[in-house]
Structures are given as structure tokens and as C-alpha cells.
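You will see two complexes here that share chain A, one where it goes with chain B and one where it goes with chain C.
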Partner chain A sequence: MADGDRICALGRLGRRCISLLAMVIDDSSAMRLILGRIMRGLGFDVVEAPNGAEAIARLESGTLPDIALIDWNMPVMDGLAFVNAVRKREEWRNITLMMVTTESEQSQIVRALAAGAHEYVIKPFTPDAIADKLALLGVLA
Partner chain B sequence: MTINGWAFTYVADLVKQMTAINLGPGKEYLVENRLAPLAREAGFRDVAALIGRVQASGDERLRRQIVEALTTNETSFFRDREPFTVLRQVVIPDLCRRRASTRRITIWSAGCSSGQEPYSIAMTVIDHPLITSEWSVEILATDVSEEMLAKAKSGRYSQLEVNRGLPAPLLVRHFERCETDWRVVAPVRNLVRFQKLNLAEDFNLPFVDVVFLRNVLIYFDTPTKIDVLRRVREVLRPDGYLFLGGSETTLGLDDAFDRLVAGAGTFYRPRGAGMPEVAGDEPPVGGGAGPRFGTAAPMAARGSAVQASINPLGRR
Partner chain C sequence: MEAQTMTYVPSADDLEVITREVWMSFLDGDPAGLVAGGRVPDDDRVTGCVQLSGAYVGAIMLELSSAAAQAAAAALFTMPLTQVTPVEVADAIGEITNMVGGNVKSMLPGPSTLSLPAVVYGALTLPGTEMLRRAELAWRGQPLAVSLWRRAA
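Up next is the complex of A and B:
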């Protein structure tokens, strides 16, 4: 590898590879740090938001992630409300939505999937679990 | 590292004798790591002390526990994904054509460990549109470890285990909460029959249509690999299918298999069976890719697809 080269999330090597963008939405700064680190390690660029409302504001401003990792329980706007809001907007239809949450009841998972989330990771998780889910979604090579 | 050369040799010989699995030189770290918890639980100072006691006393229970600790291997649901895509898109449609008169398919998961592989096969079968109620599909899951078979039979998995490789729509459709764990629901569990079987010994099995022998041969020496593959071929129907692990091959071991490729998946068939007709464009295992990275679906249709995927009845 030459200086500046890196392997991006799509498994391509090179300086000019197109990075994928992940948005980590969680009211816990520690969790945003952990997930951000995992996603950068997988070749993503990362932006963050501490709740669903600020995440929507970022989308409105034109920062469109390829994938959003979404906590459920957040102040102002929770994760389910965020998913519902994104799903109402045609121009955001290409954003992959993955819940990453402590909510582990079957009914909650059903609610999130029915609202339009593509995948669901229950906390606690390992980095491999995140990578596995991204591979399932076709986001990771 | 507490074990020395004689202790490692004793353990390697014991494992080879009981399972034919080869623990070659360089695996001393594996022995130390895998036996350390067992030594602690049994009240020994260290692994060397554990092995010394077993060698002196021949304690059968401890011998079995040592072998189990060294021969059980991590697995996950839909591990490597491609074999299950091939199972869904190629194997099941082909076998449904070929077995139309009997409507019976048998699948063997050899070396099933804690059960994620046979249950992944069962979920693929139960969700397949061609497998209607008239079909009888039996999944035989075997392993040499009684501890692993007991866990597999329970169908009970931790949150960490269901987080690995299992699409969320399949989790809600085929599992139920069991305290802090998840348990495979009865219709899926009932498709799988678990049985203790040592691959190094005679199988005594009926003919099967599909064999999953993934990441098992790598632990055997070459003569054992050759022998196991030959005996697998003898129970596999002439038009059947064999799946090996991603880094494994029959090349140099058994020339009576053909290696075939469908998409990103590799599989083997007895020589002369040929390439089956490939099915139409079926969706991949689980919920499928998000719209950007897979087949894009209109938002309205996507919503209904998500609803269908969480339908507890599961049939399409």
C-alpha cells in the first residue's frame, strides 16, 4: 500500500476509493465513541448525532449517510421516531437503517422492523456482530 | 505456559485416539488456553497439574472433558452466508424437482457443534416457498461432543450469539425470548434430529441428499480426511450436494467429487452429477440488503416486504 492508500468499506484499495458514510445516533457519548471507532475500523467515515432530532437536522442540511446506526431511547426524538421520519421522505430512501439498542423484547424488534429499520443489533454487541450485520445488509464487502 | 512436551504429547494422543482430530506441534497455546478453565473448575493449580492427574489416574470423566474442551469450535448462524444462499437458490429447487415423487429430502450437518448450522439450514428450509406441507425434510445434526449436542438440542442461545449472523426478521420469526436468552421455536427445532457421531468411526447412516461438512476436515490428518470424505460420498446420493468450509477442498483428497460454483458459493457433487439448473432470482437469506446496496425496492413495496418478513406464519 502506498502512502494515503486505505481499504474502504467496499473492499477497494486506493486513495481515491469512495468512502461510505455512517451516522451514529446515540445520546451516550461513550457509545458514539465505541461505534464510531468500529465503523472507522471497517472503512467508514463517521458523523454523529446525540438524538433523532439533530440527526434529522443533519439530513436536512444535506449530510446523507449510507447507513445510520440508531439507538432507541434518546431525548427530544427517539430512534423509532427517527426511523418513521426517515421513511416518510422519498429523498432519504437509500439510507440503510440499523437499530443498535438495549431494547431486546421481541415486540420492540418487530416494531422497529415494521417501521422500516433494515436490521437490529441488541446491546451489548461485539465488533464482529456489527461487521456481520453490515455484511448481511450488503454494506460491507 | 505451564505444559511441557510430554503433557502436550499425552493430550494430543488422547484427542487423536478418541476423535481422530490432529493436534500438531504449535498447538500448545491452544491446549493451554482451552484447558485453563477446566483446570480451574476442577481445582487444579494449572493445566500441567490437570494433565498429570489424568495421566496418573486415567480418570474417564476428566479425559472426556479434556477432549471436549479441545474439540468444540465456535460457530454462528448462517456462517459464511454463501452456502445458505446456494442451498436456497440452487439445491432446494433442484432437489424439489428430483424428489417430486417421494417429496422427501434429508440433509446432514456433520460436526454441528452448538447447533447454529442445522438451525440455519432449518430456517432456510421452513421459509422456502417450494417446501410446502406435503414435503418431509429431515435435518440430521451430528457431533462427537455430548456437551455441544446438549446445548444444540436446547435450541437456546445468548443475546451475543443471536447477534451474530442472524438477520433480525429471522430472529423475530423463528425465536422466542427465554429469560435473557432466545430459544429456537418448536417448528424449527422439530426439523432437526441430533445424534452423537464420531466421524472417524463408521457412520451407519441412511442415504442423504445434502451434507454440510464445514470446517471439520481441517482438524484431521490427511489419511483421515481421505477416509472421511470417501465414507461421506458413500452415504451421499449420486445427485446430492456437499458443502465444505471456505478454506477446504476435496482436491487431492477425493477425485470422485466435482467442484461447482453458483454465484459466490462453492459446492461439490459426486462426479457426473453435473451442474443443476439454477433457480430464478430469489432474495438472499434474511431481510435482504438495504435499498442502496441490494435490489432497490419502492418504499411502499419495501414496507409490505418488511411486514411479510415478520409474519409469524412465515409462508410466502
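Up next is the complex of A and C:
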């Protein structure tokens, strides 16, 4: 596929047709598969984690995604705890955090955004909804 | 036991609309794919359940015939029906129950907390609860049902 045909992620140095890295954090392997497929289709490389604790372990081992898509209800460490943990670390401040969850109570959405999540998508979603949110966040051209 | 104050109880139609939205998003893009009717057999079912605690205490349950559960897993994982194992069924039904439950929860008094989903082969009983609503549906000729439960007064 020619670069001109690609959907390109927007890097911090402007439009570039190299893949950015997305981390999909969800305890459901089906949901990781679905979100991973959507993100790859949008030009991202994708890594996965089944809960917040394993995601933190991956960050600590040096895997630094440009964006993390985070479920809320997960065993071991939930999505809100993950957001709080990431926001405490200066070296991870550039990671864009997007909640992708069934948790749709307004008060919970406010909590997640106040903790440092940038965007919020409620399941079920469409691929277009994910792409629209990424465009709003400025990580998708 | 503290009585729960109910302002609005989602109807069976609400349960159906939410389930239809989940189905259309991830399992079957055909709006006519999920139809009303169908009765899940007592002796051949997979049950997913999420419990609610907080302002509303109860549960949302998804029951499917084992054939419907296997077909749902195959659709969600985009894999051949013959390759679906109980691991995929449990993951898929858990996630579908979670999505339906989360959206039903948004219509109930809050704040409430949603549990992680539990999935069993067979029926699930919820002692001390009563069923408030139930939507019976069918997909590809196989029955499924979504129900809303509340802690008994």
C-alpha cells in the first residue's frame, strides 16, 4: 500500500506514515482481538495486556505506547487504578489514555477523566467511533 | 434489609434494545439477525451474570442455548464454529454479559458497581433476588434471554 493511501497516525513531529504503538488493556481476549484489529487497521502497532498490573509491568519493561485503550472492570488492577498509576509517573506522561468500557455512569466518567484519562468510549462501539475519538485526540490524521 | 428506592426499572423492551445493539456491533450486523421469541432449554444452557451493588443491588443475566453461546463466541472471535472451545465461550459470553449489563446499569439508580462477569455451563441461581424483567430472543434459530434481577425486599 502506498503511503498516500494509508491512514497515518500523527506523531509528535507531525504527520508520519510510520506506525504508532497502541496498548490494548482488557481482560477479555475477544475484546483485545476486536480492538487490536481496529487499531491495526488504523495503522497502529498493537501490544496487549489482560489487566492494569500486566500493563504496568510492560511499561516498566520499556514498552511505551503512544496510546493505551483501557477497560475499566478488570481483575488484579482495574482501569481507573491503571490510569492513576500512569499519571503518577513523569516518564509516562506522554501516553494518551482512552477508556473503552461498559462503565457509563456520568460520575464514573468524570472520575476517569479527572484521574487523567483523555477520552472515553462506551462499549459497544463501532470502529468509526474509535477512529473519531483518536482523531479528536490528535493521534490520527 | 434496606429497601431499594426505584425511580425507573428498564423494561423488557429496553433489555432487548440494549442486547440488539451489542449484537449488531460485534456479532451480527444484520438488524434482523436477532428476533423476539425463543425459550432457552433448562438442560442445555450457558449463563453469564454480572452483579450490581450500590444504589441498585441485583444482577443482569444472559442465558443462551449452548449452540447459541458457541455461535456467539465464534462470531466475536471471528473463528470457525468447530474451533471454538469452552475458553472462548466463557470469554465471549462474559464480555457480552458485561456489555449488556453495563448498559442496563446506566438506566438504573446509581451510583452502582458492576462485578466482573461470571459464566457457567448450566443454570445460575441468585438466592435472595427476584426477577423484574426478562427479554426472550432468538438468533440464528437458537434461543437466548436477558433478565434483570433485584435483591428481594
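Note that the second predicted complex is superposed on the first by the 125 of 141 C-alpha atoms of A that agree within 3 Å, B and C clash if a C-alpha of one lies under 4 Å from a C-alpha of the other, contacts with A are read in each partner's own complex, and residues count from 1 in each chain.
Keep this in mind: a contact is a pair of C-beta atoms (placed from the backbone, for glycine too) under 8 Å apart; a residue touches a chain by one contact, two chains touch by 3 or more.
These figures come from a predicted structure and were not determined experimentally.
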Counting only touches as set out at the top, which of chain B and chain C does A:E105 meet: first, second, both, neither? both
Touching partner for A:A30 - first (chain B), second (chain C), both, neither: second
Which holds for A:L113: it touches chain B only (first), chain C only (second), both, or neither? first
Just chain B (first), just chain C (second), both, or neither: which does A:R93 touch? first
Per the contact definition in the header, classify A:E48: touching chain B only (first), chain C only (second), both, or neither. neither
Now for A:D128: first (chain B), second (chain C), both, or neither, which partner does it touch? first
Chain B/chain C common contact set on chain A: 104-105, 122, 124-126
Okay, in this complex, where on chain B does chain A touch? 76, 81, 159-160, 162-165, 167-169, 171-172, 175-177, 285-287, 289-294, 296, 299, 302-303, 306-307, 309-310
So in the complex, the part of chain C that touches chain A is made up of which residues? 21-22, 24-26, 73, 76-78, 88, 91-92, 94-95, 98-99, 101-103, 105-106, 110-112, 114-116
Per the touch rule above, chain A residues touching chain C in the complex are 27-31, 33-34, 73-75, 101-105, 107-108, 122-126
Write out the stretch or stretches of chain A touching chain B in their complex. 66-67, 87, 90, 93-97, 104-106, 109-110, 112-114, 116-122, 124-126, 128-129, 132-133, 135-139
